[in-house]
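After this come two complexes, each holding chain A, first together with chain B and then together with chain C.
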Partner chain A sequence: MTAPAIEIRQLRKRYHKVEALRGLDLEVPRGSICGFLGPNGAGKTTTMKILLGLIRPSDGWAAVLGDDVRTHGLVARSRIGYLPQDPVFPPNQTVRGVVSYVARLYPGHPHGRALRRRVDGMLDRVGMADKARRRVRGLSGGERQRLGVAQALISNPELVVMDEPSAGLDPVGRRDMLDLIAEIGGETTVFYSTHILDDVEQVSDTVVIINNGRAIAAGPLESILETSDSEYTVRLRGATEGTFARLTAEPWVQSVDAQRRREVEQWRVRVTDGAAAADRIVPTLLADDGCDILEFHLSDRRLEDAYLEIVGADDGD
Partner chain B sequence: MAIDTHTAGVAWVGSTGVLRGELARWIGARGLFHLVFWLLMIDGWLYFTVVTQHTPFGSLGYQSLITMLLLFVPLAAIVLAEATVVGEYRSGVASWTVSKPVPRWGYVGGKLAGLWIGLSATGILIPGLVAYWWLPKVRPYRFVTPEAPPLGRFLVTLLIISLIVAFFITLTALLGTVIRRRGVVSLITLFVYAIARTPPRELWSGWDTYTPAGLISDQLGNWSTVTEYVYGDPLGATSAVAWTIVASLAFAAGAALVYQRLEL
Partner chain C sequence: MTTDAPTLQRIETAHLLRGLAGLLVVEVRGWFPWRVLFLTIAGFGVFAMIYFPVRAAGDNQFGMLLFPFLSFWLAMLLLSVVSLTEGSVLGEIERGTASWLVGLPIGRPAVILAKFLAASSGIAATVFVTGTALYPVLLDASGWGATEFRVSELTEVTGAPIGMWGRFTSLVGFGEWIGLLLALSVFLLFVVAVMILFGTTLRSRTAVFGLGLGVVGVFGAAALAGSFAAASPAGLLRVIIDVAQGKTPSVVIPFVASLLWTALVLILAVWRFNRKELA
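Right, the complex of A and B next:
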């Protein structure tokens, strides 16, 4: 059986008195584009650094593409491309020099003209071909990020790890970065952290949410969205008191937020059991002839809602 | 723990990649800058003293050359090693490099070896050979034209200076990995350099036997042991050479060992 791209079991990391990871479990399937979400200080960068062998875990186990990062970290890293948060490169090197240097660190790299062709092709792919001779110290933040992507991909890695790849980019740069992630996602596994939930919704097929050093939700994006409570929007007119009383008495209704504008009332009905609500909400609303239903729909759940709900619930525990 | 051949192959490619990258910098703009700098610093100054000055250096060109190399190149080694080890650690370049398939000992070894080779070539070998070529051709202001020592002996002298440079590079690297503060590392290493040039022999008699002081200090005679060697004196400090090599290897190994445990 093929090992997952990333497999982590009961990973712990303690910095003096602070416990950054508290028994993290997660699994990222091969071929997925996995968004790694969590509040600041949740342990995202710590997890990535452990996968890259930059810091040692206090306890637990982590493997990349089947290679234990403690005992076979070097081999694991030979299959990973990594874009750090705020990437730093030797300031006096040229853009082409940086990418060529990184390419030569990986086993099986091409030589001579073949290497140059690969480097130039990669710079072209990330939109840096015309800046190949520029020195790193003269690059803007967005250009540095593109260079970071080029050096992460130059070895044709089986897993690309990116720590907040679109942080600090302007809207065009962010759009380009998302396009690039979606593009490389067709070729390899991508595991990236971000705070921008819109980005995850656009390009990710898998999501892991981490909070206080533990994974609190993980799986396909659709299942994360379904995990959270559903919400219906209802607009009605007439004698609504009976319908309101009937609805709020249902066990699958969590709350009904009612707002009245002239003779039209709008309800936001939050439900705890999506299946029960799907079966029962329409008959419940239509049971009373005294009011007219003007509008009824299941509100679109967005990842941001689901994320806030999941993290909020975890913080409340 | 046994290292399988695949892991060893990955480690070899990563480590030699770091070394090649470092050497490439010395072949490029950095090397050119150093070459011009050292030619002006060593040969330019030497020409000035030999041709125009009233000092006795005018007749003793090769001793002057060795003295200048011993004086300046180790200082440059300290500054550059500190920039490499502490500078790259603090800037994040080290973290970035070892996130690739590069073993940490390979990173430290590649960086130090590259620096040593680059500085030895541009700061010692080329200025030394250039001076070896032109010194017998000049007409000094005073005394006589310097007589060239045998080329083999001259090259061995340059090699010994290069070993002393390796000593200071690796010492700075070890201190840099432990302390990781540029000013503090500079102060300690410069203090060691000062001690090596003027060792307090009243405190310990082993300076000349067990440390590079036996090669570079000039308190025993008019010139340091290395300087006197270039003109035919026997190298009376072979144990100092041996201990300089041993200490350099130990410092490099220590730096790699400390780096292995750093959280980046």
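Right, the complex of A and C next:
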């Protein structure tokens, strides 16, 4: 059986009196683009640093592509490309120098002209070809980020770990980064942390949400969206009181938020049981001849709604 | 790209030194040529700019410049080594480049070893280039046509107040001079190892710098005292003093002891760095 790209069991990390990870369990399937979400201080960067061998876990177990990161850390790292949160490189090195240097560290790397071709190709891919001879100290934050991506991908790694890859990028840079993640997602596993939920919706197929050092939701993006309550939007006109009363009496209705503009009323109906609502909501709305239904649709659930709901529920526990 | 099992096995077996060659190239570039050139020019060049014009003018007071310079050169060399190496590890950790490096498939011991080898080669090159260039000046100060110089003669010629150097009566040939430079270089390797160890242990560069100077001071004082210095790096400093005073010191024990001390300190530094959390 092929091991998952990342497998973590009961991982704990304590910094003096602060417990950053409290028995984290998570599994990232191979070939997925996994968005790693969570509030500030939830333990995302700590988790990534443990995977990279930068810090040691206090307890628990973590493996990358089947290799235990504690006992086979070097092997694990030789299969990972890593983009740190705020990438820093030796200031006197040139852009090409950094990427060439990293390329040569990985097993099976090309030599001579083939290496140069690969490095130039990668710099071209991240939009840094014209800055290949520039020194790192002269790069802007966005350029450093692009260089970080180039060095993370230069070895064609089996797993790419990125800590907030689009942080600090301008809108064009962010767009390019998303395109790049989507592109490499076809070739490798991508595990990245971010606070920009829009980005996750656009490129990820898998999501892990972490809070207070524990994973509180994980799985395909669709299943994360489905776990939260659904919401319908209804616009109607006429005598709506009877319909409103019938609707709010249904057990699958959580709440109905009503707003009136002139003679048109708009309801936002939140439901707890999506399947029951799909069966019953239309007959319930149409049961009364006194009102006309002008608009009816199931609102698109956004990851942001699901995220806030899941994290909010966990904080409330 | 999928890495095959034999390749991964080789990575494991090459654990300690994996990435050393590449790291060494980067680190050496940090020393050669500019830093070494700067140290050499700062050491010899500044003195030569003053000495040769005075010599050309036929002024016999040039010796007054020579001996303060020798003392000054040694002091500045030690100070330079401490100040140039105080940030070699801690500076990388503070900047974040250490996290980047250690996240790559590199063995942590290779990081320490590369820093040590690069700094050592840079410092040794500085000592030998400056020292070799200085030798003809010492001959010149002893009188034209000399093939070796006697330290005490220089005082008689110049009448310069030269402090402790005035006690030295030995004839120093070129071979001995190179031996003295070697002893100084090996002592400085020990200082580099100590600075790297402090960098992996302490959290403040000021503390690393201060303690580094302290170590140099303690070993310097031990060399002057001479009693317990032989089996430590201070023994090498003692060898320099003994040679200049015309004695024939035992060189094997100080050299071997210094290399062992250096190796021990490096092992400790590797152990500390392996345990270091790069948060």
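Just so it is clear, the second predicted complex is superposed on the first by the 317 of 317 C-alpha atoms of A that agree within 3 Å, B and C clash if a C-alpha of one lies under 4 Å from a C-alpha of the other, contacts with A are read in each partner's own complex, and residues count from 1 in each chain.
Please note the rule applied: a residue touches a chain if its C-beta (ideal position, glycine included) is under 8 Å from a C-beta of that chain, and two chains touch if they have at least 3 such contacts.
The structure presented is a predicted model; accordingly, all values stated were derived computationally and were not measured.
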Exercise. Once chain A from each complex is brought into register, does chain C clash with chain B or fit beside it?
Worked result: clash
Exercise. After superposition on the shared chain, which partner residues are touched by A:L74: those of chain B (first), chain C (second), both, or neither?
Worked result: both
Exercise. In the superposed arrangement, which partner chain does A:P157 touch: chain B (first), chain C (second), both, or neither?
Worked result: second
For this session: Determine, under the contact definition given at the top, whether A:A63 touches first (chain B), second (chain C), both, or neither.
Result: neither
For this session: Could you look at A:R104 and tell me whether it touches chain B, chain C, both or neither (first, second, both, neither)?
Result: both
For this session: Would you check which partner chain A:I224 touches, where first means chain B only, second means chain C only, and both and neither mean what they say?
Result: neither
Seminar exercise, completed: chain A positions within both the chain B interface and the chain C interface are 49, 52-56, 72, 74-75, 77-78, 82, 84, 86-90, 92-93, 101-102, 104-107
For this session: Show which residues of chain A lie in contact with chain C when the two form their complex.
Result: 15, 49, 52-56, 72, 74-75, 77-79, 82, 84, 86-90, 92-93, 101-102, 104-108, 155-158
Problem set entry | Interface residues, chain B side, partner chain A - complex | 1, 6-7, 9-11, 13-14, 17-18, 20-21, 24-25, 29-30, 91-93, 95-103, 263-264
Seminar exercise, completed: Per the touch rule, the chain A residues reaching chain B in their complex are 49, 52-56, 71-72, 74-75, 77-78, 82, 84, 86-90, 92-93, 97, 101-102, 104-107, 109
Seminar exercise, completed: Listed in rising order, chain C residues that touch chain A in their complex are 1-4, 7-8, 10-12, 15, 18-19, 22, 26, 29-30, 95-97, 99-100, 102-107, 277-279
